[in-house]
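Look for subunit A in each of the two complexes below; its partner is subunit B in the first and subunit C in the second.
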Partner chain A sequence: MYQPMLFLHWKQIRAALLPLVVAAFALPLLSVQGLGSLGSFPAEPIGAYQFMMNSGWWAPVFPTLAAVIGVTLALSSWNWDHQLNHVYALSLPVPRWRYAALKMGAGVVLAFVPALAFWGGAHLAAASVALPPGLHAYPNALAVRFLFSVLVSYAVLFAMAAGTVRTTLVLVTALFVFMLVGGSANEFLGRHFEYFQRVNVVEAFFQTLVSRNGPFEVFSGSWLLIDV
Partner chain B sequence: MNSAIELSGLGWRADRAFSLRDISLRVPVGSIYGFLGPNGSGKTTTIRMCLGMMKPDRGEIRVLGLDVPRDLPRILAKVGYVPERPHVYPALTVAEQVRYHASFFKPWDEGWAKELMERLGLDPTRKISRMSKGETGKLLLLLALSQRPSLLVLDEPTDGLDPVVRRDVLTAVLDYVGETNASVLISSHLVHELERICDWVGVMDDGALIAELPMQVFKNGIKRIKVTGAPVEPTDAPFTILSRDRANGTPATETWVVRGWQDSMRAWFESSGAVLRDIVDLDLEDGFVELLRSSRPKTPYRS
Partner chain C sequence: MCRLTPRCAALVLAAVLAAPGAAPAQQTEQELIQHLDTLVPLLKDARRRASAAQITARRARDVHIPLDTLSIGPLTVLVVPGEGAAAQDVVGGVWERDYAPWLDASPNLAEDRIFFQWSADVVEYSSSEFTVRVVQGARWHTRGYMETGVRQVISQSLREDLQRTPFGGDWAVSAVRPPDDPALIYRQAVLASSHSARACLDGDPAACLTAFGLKPLDALLADQYTPEERLLLVRRNGSLFARAPVELRACVGGDLAECDRLLADMLGRYQSAQNRLWTVPFGADVRASLLWYALVRGGEGAWGRLLAHADETALAALEAASGLTANTLMREWRGWLLESRPVRHAGLGTQVLKGSAWILLLIALAARSTRWRFA
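== the complex of A and B ==
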């Protein structure tokens, strides 16, 4: 049952996944371009600080790509079932939780494809640069972080997409309303309560999500391939 | 277990415009049950509730002796379902879709699936998105039959198909039933199509089951009769008068469409002072139309 489900998901996503896999492989390589290769070390060796500044420019791109891959995987999981009004899926003799688990599992396995490409790209990138003294490459740690980020965004979107389009719209709208109204409400409350002058609720909310122990913590923190 | 499907007191409200009202229906084991009704009468909704795809507001559903929704996976493992509209994955080929479907059904008959594929003229390498409606219909039937179901639920399986494909589909169903004695619930608004194959018939209209009886009784029991000197209010008639019209040019003669007719009822006309002039058999379609007319709000008496 699992194998055909995996095949189905693969057929659904392969066209969209291919460019993302290429990007996952290429991004680590791009992030070390111009930092001096092993074969052609620059006449003026780049210092550790400059080296980190250059490669650090790419740091936000990695989690963004991971999120895009996770979202693509999740939306493709349910896309066909939504189009078919779930009639075919509901006529299959499996409990619904098991059907959802099979779908989820197929997506998890497929998440390893871009993660492996990223891991390969990161290793190749790390091997192709001459590191200044004091700096180290962390291709494995970065690839693991990349994989977790893909899985987190996949899991969140998978859960949202598993519901009806209406449920998803309600959730997304609620979030936007919170962002829009929350800022103004905070300003209004700030005029009356000192607490709201110090704390911005919207900012605090998003900070909690990405801070340590928050559900999206994996997206924040260090995304450097080369670090001290 | 005497019933393949048993619904009692099923009710569901979609909105102000449509609801299912107190549907009690019984599909006997081994029968081919024709589920008739105009478009939008509630056939598909009832079928989806039988298969646990929708939840009724009230009532009980038992399929193959098991409870819906409690025993749903066990029920669905024994039910071959052909939905109203093609619900298969368009990017797969025929062979891929068959393989995917087979992985969910334990008693999958690989040999018969191949035989059916040949018999129905399906190309295993063909992509579903490029298939015609007729070909997709055949594929859905192949999927339903190859899982060797005890119950086939066919929701408008031949709607929009050309006569040749329609015959192929119905022949395949009849062959399977002849071989396995499976029960069939087949919904359609194409009345003449069901006339030849069904043992039982249930008629839906506007969310209610307005008749359920053996096909022979339905066909033989509905007659068009010509009556002269009929009483104005024939309250004690032993049959149901579905419609009553004045015959053209003869004011004293009326044409009645009656249900539940038996030859022994001729005597009633003599006792009520009327004269029975003629009895005409109606085919299923005419009977169906008259039944629907009689179940709908009464229009003024036509003269």
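== the complex of A and C ==
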């Protein structure tokens, strides 16, 4: 039962996943471009400062790519079911929970493909540059963070998309509306309720998501391939 | 264009007096001096009136609101009635924890006032009688935010203590407060593009003195940077050499001798060390961490000792404040710095575990879809 699910998901996503796999492999390599190489002296002296500047510039790109991969995996996993009104799934002799778990498992396995590409790219990038004293490369830690960021964003969207397309749209729209008008609403409520004077709800909400114990905590750590 | 300002008027007057053909008859030097002497009282009077007008204008801007006054150590804290307890708690906490152990007396801190407000409706307050340092935050701001504000205003007053001393001028620091993020200081120290900084981190106290710019100025640049590092220094501060574009281009193109000429020319123009601070490998934040370490290590009376020796060299002042020799201070500070190194893997394991728990929870939610319960 699991193999057909995996194959089905792969068929659904391969066209979209391949460029993402290439990007996952290439981005770490791009992030060290122009920082000299082991075999040759760089055209100009490269200090630790430049390494960190470069590393810092690329740092936000990695979690963004992880989130994009996770979302793509999640939406593609339910896409077929939504298109056919879940007839195929309903015809299967499996309970709902098992079907969802199998689907999720297929997506998790597919998530390893870009994560492995990223890990390989990060190792190759780290090996291709001569690091200045005091700096170290962290390809393994970064790859683990990348994998779990893909999985978390995949799981969130997977759970949303498990309902209906409408449910997903409503939730995402509600989130955007909350982001846009939440601050003003908080200010207005603050005039009437003391609680809203003490708590900025929008800030607290997003803080909770990325801070300790939040679902997106793994996104909030260091994304530097090269660090002190 | 020259507008009608007092400076402009003085320039015109000077030009008229100095112009050889302007006077109808040749004036003797004595007559000119007498004429200038008559102008001096007028100038003094004009200055006095301008100063009085400034004070009146400042007083007109004063905000008069009912305030309570708290005394916390040498700090005078002004609060809106009803906020005394919060101010006592936050300001008192910062004072006891961060400053009381080594801060004995500070002329500026004793004169300045801290206006502390942590409430929903913040009001503006200013006074022409004393310097008001404002610490304000909305009620939803965290205690940590308010504490940072308190440290900042205390630091401002302490920096003013140093401002007119050679220590404050020649070896300026960014702040006199505990580093907000010691890992950031470590990062900055590691990223200093100087072999002396690296030797310092490797454990050479003499190199630390060089990297901190605490050695005599002669030939310091050559000790601090290799020729290649000097090229980087010029490139990173290219805007300072805008007046010599051809030489700058040659330097950036790899002509190391040209870089040295540029730097020598630039630094030769300045006598004071203050204008050379941008060349010191360890920047203002790293220097601030050393000053902080010296004060904390020095304990009781450290600030007083620092001020008492602030007219000497920066190194002498630091030694006096910390009560340590230069080498011991450098060694201990380095130990503190190495302890501040950020641990890259810290927390990743627990983050992964917690992430896995969230993933399982989300799978459980996905498995209980409404659509399927109706099916």
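Here is the rule we go by: the second predicted complex is superposed on the first by the 215 of 228 C-alpha atoms of A that agree within 3 Å, B and C clash if a C-alpha of one lies under 4 Å from a C-alpha of the other, contacts with A are read in each partner's own complex, and residues count from 1 in each chain.
What we mean here is this: a contact is a pair of C-beta atoms (placed from the backbone, for glycine too) under 8 Å apart; a residue touches a chain by one contact, two chains touch by 3 or more.
Nothing here was measured: the structure is a model prediction, and the numbers come from that model.
In the superposed model, A:N200 lies in contact with subunit C only, and not with subunit B.
In the superposition on chain A, A:Y88 makes contact with subunit B only, while subunit C stays out of contact range. By the touch criterion defined above, A:Q12 lies against subunit B but remains apart from subunit C after alignment on the C-alpha atoms of chain A. After superposition on the shared chain, subunit A has more residues touched by C, the comparison being subunit B against subunit C. Touch criterion met: A:M1 reaches subunit B, while subunit C stays clear of it. Applying the stated touch rule to the two superposed structures, the overlap between the subunit B and subunit C interfaces on subunit A comprises residues 86, 90.
Within the complex, the subunit B residues that touch subunit A are 48, 51-53, 72-77, 79, 81, 83, 85, 87-92, 96, 99-100, 103-105. By the touch criterion given at the top, residues 120, 138-140, 186-187, 190-193, 198, 201, 228-229, 231-232, 236, 254, 341-342, 344-345, 347-348, 351-352, 354-356, 358-359, 362-363, 365-373, 375 of subunit C touch subunit A in their complex. Listing the residues of subunit A that touch subunit C in their complex gives 44-45, 47-49, 52, 86, 90, 96-97, 100-101, 104, 133-136, 138, 141, 144-145, 148, 151-152, 155-156, 158-159, 162-164, 190, 194, 197-200, 203, 213, 215, 217-218, 221-222, 227-228.
Partner subunit B is touched in their complex by these residues of subunit A: 1, 3-5, 7-8, 11-12, 80, 84-88, 90-95.
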